[in-house]
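Structure, as structure tokens:
By written order: A, B, C and D. Residues from 1 in each chain.
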Amino acid sequence: MDKKIKSQMDKKIKIVIWNEFVHERENNALGDYIRTIYPDGIHRHLAHALAAQDLQITTATLQDEAQGLPPERLDDTDVLLWWGHCAHDQVEDALAERIALRVFRGMGLIVLHSGHLSKPFRRLMGTPCRLRWREVGEKERVWVCATGHPIVQGVPESFVLPHSEMYGEPFDLPGDGQVITMSWYEGGNVFRSGMAFQRGAGRIFYFSPGHETYPIYHDSNVLTILGNAIRWGTPTAIVPERVTPSPVSVEPIHTANPLANLDTSALHQ
Amino acid sequence: MDKKIKSQMDKKIKIVIWNEFVHERENNALGDYIRTIYPDGIHRHLAHALAAQDLQITTATLQDEAQGLPPERLDDTDVLLWWGHCAHDQVEDALAERIALRVFRGMGLIVLHSGHLSKPFRRLMGTPCRLRWREVGEKERVWVCATGHPIVQGVPESFVLPHSEMYGEPFDLPGDGQVITMSWYEGGNVFRSGMAFQRGAGRIFYFSPGHETYPIYHDSNVLTILGNAIRWGTPTAIVPERVTPSPVSVEPIHTANPLANLDTSALHQ
Amino acid sequence: MDKKIKSQMDKKIKIVIWNEFVHERENNALGDYIRTIYPDGIHRHLAHALAAQDLQITTATLQDEAQGLPPERLDDTDVLLWWGHCAHDQVEDALAERIALRVFRGMGLIVLHSGHLSKPFRRLMGTPCRLRWREVGEKERVWVCATGHPIVQGVPESFVLPHSEMYGEPFDLPGDGQVITMSWYEGGNVFRSGMAFQRGAGRIFYFSPGHETYPIYHDSNVLTILGNAIRWGTPTAIVPERVTPSPVSVEPIHTANPLANLDTSALHQ
Amino acid sequence: MDKKIKSQMDKKIKIVIWNEFVHERENNALGDYIRTIYPDGIHRHLAHALAAQDLQITTATLQDEAQGLPPERLDDTDVLLWWGHCAHDQVEDALAERIALRVFRGMGLIVLHSGHLSKPFRRLMGTPCRLRWREVGEKERVWVCATGHPIVQGVPESFVLPHSEMYGEPFDLPGDGQVITMSWYEGGNVFRSGMAFQRGAGRIFYFSPGHETYPIYHDSNVLTILGNAIRWGTPTAIVPERVTPSPVSVEPIHTANPLANLDTSALHQ
């Protein structure tokens, strides 16, 4: 048996589903309504709905110690799913930075719905990631644009979400995202709703459907997409920390160093 | 006469050359040496060397009030050149953020040499922007890769910098940079030394040659490239601030809102 | 006065609007209908509608000598607009090749509507450029995605074409196109309707609205976009023909040539 | 056991290594020399050197029936490796077209050395794919730029090919290639020597080292790269043929068709 496949079988993909877990716990009519859809929180719902033999799924929330992702846990994560909406500001800058560094080393990151404004995603995109939005329960139709891409295996050319929050163009992202899906909205808007990026050794997938007041994470096509994205985002390998100085050249240098007698170490601290 | 050209003639491009201005002022042998090349600082040297009738060039330094770029000045800048090396950490996060927002609205940004690790550039790229480096005065040969690009008009296919600091691959950048120039180093390294990006309505050009201990900004090809980059980076227009809510749809929505009787405003604060 | 601006004023941008000019001449009910919109052909209509002081516009058709673009004419063209639908196959492969080579040297190319399947466009994209389509006169809404891009200066965030042929995703294009506009269709489809590419020194803009049975080229926003695209696509300079052999190295080679005594010229004919 | 992994184990990846197989058969001093390196042809050498349990490798040459790739064989190929140099013109246009279509449906394509000018590669890139070149046996040093990419797993940051044909910038390619490796040449040139592309559902990898007069395909790092590229290029799935008309809308259209009484079928043949 091929060794690579053998070793892939031996170890499961380690997934952490992170949720700010605020709206689902609110003690008011809105919280009551959201709990009819996600009684235990979006994170636990997704963990259950995405369960599979090749995955080892755990969940984390903003309320957990170290905001759910202490360094040793993050450093043991293959793919991180991120759902946040109203509490982006409470996420520590240092956590967003650690997530970004882990992505550069190879971790997959799947950013869900209003996570487009989350600290880790904006940190990684470098753009404001703004978009048009409207919440009136209109119909959304998702189109597969990247036919044959691993993320849309088993997904029909288009499918409908009967009620959705509208996320519309212009969506300010970097230019190298691959358009995996685009969405049509009844109210006249369009959106690049599924976008794939490579950053360092890591893969990032943003997928917009997932507003907390509609049962979007109960939709089978949406779950297929998220399950595919997890496998697509799984690292081939985690790359070591970078070393950047290279004081000894790999080829002989014949040019005399004009600064040979000058201490320039102060320039490189 | 065409009105657009007429109005371009009437107003000069407003350039700010920003320099951390630390090494050139140091009271030691290294400072003495750098002052033989840039007696008044890299910023003043570049302002003089790039002077032209269509440009209104001013300079700014880290030591100036508001670190040289108070909001009203930045908001009146068409193209910002940025040179920094040892004092990146002293630049305020808020200034890097304001620069990024100005770029998204249309301002050009030209990042020089060790500015690859500056806060504004890393903020805009979203990647660590690391590279291999070595300072032994070796020869660098710059190759034009994007033949015909406005930034390399008048530049030969390749040219030599007799002494340079080596900046080498791997260079971790986003995938949508256009390779304008690549560099060959005597010591065996290669580098994407001139990279162009679009972020929002703004253009960004990174150009690596420019170490402070070699007279690189005295080289005519380097100056041609910087002068071209300024014109290339000049905004067509500064876009207004974004408005993101879109509560009223532009097409009629026939789907009934399932949450019509629920106050969801708390979700969108 | 700045010399560059001066010389831009002195010479007008040379535009050729090419039209296969078949449907507008047909002697049947369909031809009669199309002539109510474009009595003299789409090419002459556009030439009139886009006329401006900085442009020198001429037209060409499939029926002209050398299919309208003899070498000397093509080599004197700054920006070529291309409209074709039913006669793609009649365009000579050699003409498509000459157009592609002219683009690589710097000419702008604006491909209109069903030109997505034209020989020059497919030759330049390298992909099949297929899309979903439907002609039932439904409403199209065009959204500006690249806010601030020169091609959409003066265009509102979205605008409506009351009747349009639907062109929908998936649209198989290379990955480096910049999404300038996207379209929403009443019938549920979405499309990247305005896409900008760089190929060699030349710029390419594809814009899908423009079906011959609707008065789309009478729409002021569409005309603004096409006029902007012409200026955006105007070459900075036409690059010389490439020379590829480089028998004499620019840096000294110390490695002995193991084939010094062997005639390998047969490998490089 | 995960079904997907199980089924991957059950079927081997079907590889065809295509070689024009001209130089290795020539009855002269040059042919004699090349046969000291590749006595049975580059294709058979690579088939032997890349052999692995998960691969089913066969070879094909220009001299075979249907130029080695009759439709039924091509349609049963997962990844095609292509080596050609002096006989590009003899490859039938129709074969290049069939290869391109197979790539769009998912087949991987690995283009070797002078295959940058082959018909299939130029057809897929849409650009001339020209480069600078020189054959004097100089040293080449290959740098990994995309640290962590599957294609460079197990490859050191840089490695040396003692003798190589120089392939140098400018290399005219589309803008969406991912730079996997770059090369440094003793004679002063640089080159994007390993470039990865996505076209439709298929992946393409171009790798320049591989001149027939040097034992480059005996180098272990080169073989590691090619072996990795094969696995990376293996299709997730072969997508069905595209259907493009979409006469019945998926959402209700309220706009009246202004051409309802006109037969427009002639426009869409």
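In this text, a contact is a pair of C-beta atoms (placed from the backbone, for glycine too) under 8 Å apart; a residue touches a chain by one contact, two chains touch by 3 or more.
This is a predicted model, so every value here is computed, not measured.
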Pair joined by more contacting C-beta pairs (A-D or A-B): A-B
Hey, which chain ends up farthest from subunit A, C-alpha centres compared? C
So, what's the distance in Å between the C-alpha centres of subunit D and subunit A? 31
Could you please state the distance in Å, as a whole number, between where the Cα atoms of subunit B are centred and where those of subunit D are centred? 36
Between subunit B and subunit A, distance of the C-alpha-averaged centres to the nearest whole Å: 28
Subunit C: which residues touch two or more other chains? 139, 141, 147, 158, 168, 172, 175-176, 178, 184-186, 188-189, 198, 200, 242, 250-251
Spell out the part of subunit B that touches subunit D in their complex, as residue ranges. 141, 143-147, 157-158, 168-172, 175-176, 178-179, 182-185, 188-190, 192
Could you pull out which subunit A residues touch subunit D in their complex? 1-2, 4-5, 8-9, 52-54, 105-106, 139, 141, 147-150, 153, 158, 176, 178, 184, 186, 198, 200-202, 231, 235-239, 242, 250-251
Using the touch definition up top, name the residues of subunit C that touch subunit D in the complex. 23, 26, 28-30, 33, 85-86, 100-101, 104, 123-128, 130-139, 162-163, 166, 168, 172, 174-176, 185-189, 197-200, 212-214, 242, 244-260, 262-264, 266-269
